[in-house]
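Two complexes are shown next, each including chain A; its partner changes from chain B in the first to chain C in the second.
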Partner chain A sequence: MEIKKPAAAGTLESSDCQVTVEAGSGGIEFSLDSAVINQYGNQIRKVAFDTLKNLGVNNVRLTIVDKGALDCTIRARIEAAVYRSVGQTENLPWGGAIRS
Partner chain B sequence: MILSGNPLSGRELDQLKIFLKKMNLEYDEGIEYSICILNEKHEITGTGSADRNVLKCIAVDPAYQGRGISAQILSELIQYEFEKGRPHIFIYTKPGNQDMFSDMGFYTILMTKQILFMENRKSGFDKFIEDIRRETPGEALEKDRKIGAVVANCNPFTLGHKYLLQKALEECDYLHLFLLSDDRGMFTPKERFEMVREGISGMDRILVHWTGDYMVSAATFPTYFFKDKAQGRRANCRLDLELFAKRIAPELHITERFVGTEPGCAVTGMYNQEMKGILPRYGINVKEIERITSGGIPISASAVRQAVIRDNLEAVKSMLPPGGYQYLSRYLKKHQE
Partner chain C sequence: MINAVGRDIPEEILKRTGKEVFQGVHHFDGHVYRKHGPLTQAVINSEGSKLVDSIHDVLIKCGIKDGMTVSFHHHFREGDLVVNMVMEEIHRMGIKDITICASSLGKAHDPIVPYIEDGTITNIYSSGVRGKIGEAISNGKLKGLAVMQSHGGRVRSLVTGEKQVDIAFIGAPTCDDYGNCRGIGGKSNCGVLSYAMVDSLHANRVVAITDCLVPFPNFPAHISMTRVDYVVVVDAIGDPEKIATGAAKPTTDQRKLMMADYCTKFVVNSPYFKDGFSYQTGVGGASIASTISLAREMKERNIRMRFGVGGLTKPMCDLLINDQVDCLLDTQDFDLDAVESVKDLRHYRISAGQYADPFNKGAVVNKLDFVILAALEVDVNFNCNVVVGSDGVITGAQGGHPDTAAGAKCAIVIAPLLQGRIPAVCTEVTTVTTPGESVDVVITDYGIAINPRRQDLIEAMKDVDLPFKTIEELRNIAYSIAGEPEKVEFQDRIVGIIESRDGTIMDVVRQIKPFEFSEE
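So, the complex of A and B:
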């Protein structure tokens, strides 16, 4: 999938995370802010890259401001942000790419 | 409960203004969207607003702090900005809020005793400087050169601008001309850039850059864009000047800033006044250059815009360089059609 416009999903509230995506400049540019970056930074990064892979996104600037979200939350927020970035809000193939 | 509006109006706006006053904040002109978190009695417990890509007037009642209200407000505002297609977001707030907003993914650009200015990109400001340096020949980045700066909207580019640039060039080796990126003027940024390029042809020691979000922008000097309406109001320009003096000028070894005298506009007049107070403290000389006149009237871009609106083409012609007038008449024809 190709990021068409900037999009955000999630919140900065406790146990959630805020995910933003923008079109990349050739590759995945990942930025993470988290109070638990030392404990879970690598795990969050892995979840993020796996999710992008499943979505077929390889050119994106992805930022996550994490407030202690579980893996499933992070995954859902990334998927929502990516789906919003292509303007799709219905019939979502959660977990997979939108194919046109 | 959430109350929001684009912007709020009537009784709800009054309620917000009263709340902000209690928090020692003022409702800014230019706010396009506000959100308030209400308690069960419909009283405001926290609020935040957006003016283009700038988040401001953010406050939470001390009695309600520590309940995640500011996180809720910021989340809503950021979602709003992204839906507007604005991924690069700034916060204008008080220094005491630095830790809180750092935890929400914002990075400090400048902090003074009164103001804290942040953005949601780790290296946003650094990239801005990097781009300017890339647009600048190596010789103009050397320390022993005398480097000047002019910040102008050129809406449109007038004989006054040309005169100011000529005078400034006489006093320095290289001159950075920062052209406002804001798109709210009579002419688009692209049109202004073309007029400038034509107007300065032959003046090869001038380096033209965009101001981006970091100079005379909605973020650094919001009153500028309401100067025609905000006569007599305080110019909200300290941040702009401090940022220029502390972070922009040193990167480019700028030691001179040139401005035209400002007989007409109160807001720009106050900006010049503040400039003369602040910049010299950081080793930057401010040179105010007397405006040239046409038929006894000082030439300014706003005088040209007035003349354009009144269809007084003779007056327009007398204030623009020849190439600029040709450009403008093409522009007018296009818009009349």
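So, the complex of A and C:
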């Protein structure tokens, strides 16, 4: 998937994260600000990269401001941001690129 | 050297502090020692006043110089102005290498961080620190060491003379010109002066700072003029709105209410819940909720409490008002209801020493049946951490946690299994403050674990309908939801120690390392 316009998903509430995606400059640019970066920073990055891979996104600037979200939340927010960036809000590939 | 909670205490720090490693809660039972006495300057003249014009002048009179130790109490909590005003003057005078020995420090004291950075303050003894001071220490800004002491352990260190205070500053809500201090009255009413009572007995110089000078004699004095060298009157020693707030609204958080219900059910089914029992609890939402639900059970079952201890809040004082308890023993007041309750004749003020000093001839904590506590982390050995955040930064205080846990017959820790994403039950706590041998029960929203050391409690609960689990099961549930946390990385430099209440080293705190992603 190609990021078409900047898009965001999520909030800055506790146990949520705010994800922003913008068109990249030829790769994945990842930035993380997390309340739990010391304990879960590597895990969050792994979830982020796995999610992008599932979505087939490889040219993106991904910014996550995390307030202690669980992996499932982080995944969902990234998926939402990416599909918003391409303007797709219906016929989402549940069970496909969007893993349950 | 490995201590009794399995922590490796480096030789370097043992040598530097002259301390031993922690060897178990009762290791020093029966220990005999001679108390240390402070320097005392006699006042025989009858010129009649100890008033000094300013903080500056009193520092001169007390002979302030580089390397001295100054002490403070924290009854004004986040409304305290005394620490900042004294340290500002010491800084202005160009004095260096000061040790602060405070009963606790909080966010109110963020303004002293520049004095840590410029070497005015080089060592800190405190129950704990929060806010920017904690960040400064954990980032290696303090040149010396931060020593985190429990309330009882602090008293022990002053009584034995292990820690000697040159000048004690006592914020006094009311005081007369001869130094009789009371915690009651004035603009900065905090109810009691329990922590400062100890400083007044053991410091070489004692300065009362007040914003409400009253005619002599300010009786009955909480701290007697016979222990006070000088009195300084200032505009304000505290911000009343931050000293004692209105009583916290009872929590509506269903998770906390559920844990409170579990706690009450555990308490009433334990062998210690009978007429004449004793009880202490903290100020967390779940602790307060469990006091409220316990009061209900006491009424229904016609059971009366003999005494309550605190750290007091409205729900504890309500027990007195509703005649469900014979008396309250008070070291600190957290809300206006508690401050007001001090006037009740069955509400007794006690010193921090009476409360929790492990080296006197028996402290109140030893007579506790129940204590209800909180924790940042508990590990599978029931060790608790209440000082260092899961990110490695110092962000809490020992308070009376290890003292009451050691003393009480049944020490219960309530913690939501996940605080945000951080598991409260884990394989190994970041830093040990209270040893697992003192902790009997851990109550979470996902279940309750009884310490296997307490087979008697496990037996007593075998027919009780509560979600009992092993502590390992609780940890596994936490990790299955949040993922297993990586261990926080530290640098080698030791910035602080967690002092056990008996003065040995429970654990060390190291300088934090900025996070870096591991290689892919």
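Simple rule for what comes next: the second predicted complex is superposed on the first by the 93 of 100 C-alpha atoms of A that agree within 3 Å, B and C clash if a C-alpha of one lies under 4 Å from a C-alpha of the other, contacts with A are read in each partner's own complex, and residues count from 1 in each chain.
In this text, contacts are C-beta pairs under 8 Å (C-beta built on N, C-alpha and C of every residue); 3 or more make two chains touch, one makes a residue touch a chain.
Quick caveat, the model's predicted, so the values are computed rather than measured.
Once the two complexes are overlaid through chain A, chain B and chain C fit side by side, free of any clash as defined at the top of the document. In the superposed model, A:K67 makes contact with both chain B and chain C. Within the superposed three-chain model, A:G41 lies in touch with chain C and out of touch with chain B [touch as defined at top].
Legend: residue contacts after superposition of the two complexes on their common chain; A:E22 is shown touching chain B, with no touch to chain C. Of the two partner chains, chain B is the only one that A:A8 touches; chain C does not reach it. In the superposition on chain A, A:L92 makes contact with neither chain B nor chain C. Look at A:D33: by the touch rule set out above, it reaches chain B but stays clear of chain C. Across the superposed structures, the minimum distance from chain B to chain C, using CA atoms, reads 11 Å. Once both structures are placed on chain A, chain A residues 14, 35, 67 are touched by chain B and, in the other complex, by chain C. Here chain B touches chain A in the complex through residues 68, 71-72, 74-75, 78-79, 82-83, 85-87, 103-105, 120, 122, going by the rule given at the top. Chain contact summary for the complex, chain A toward chain C: residues 14-15, 35-43, 45, 67-71.
Chain A meets chain B in the complex at residues 5-8, 10-14, 18, 20, 22, 31, 33, 35, 63, 65, 67.
Chain C contributes residues 390-392, 420-422, 481-483, 485-486, 488-489, 515, 517-518 to its touches with chain A in the complex.
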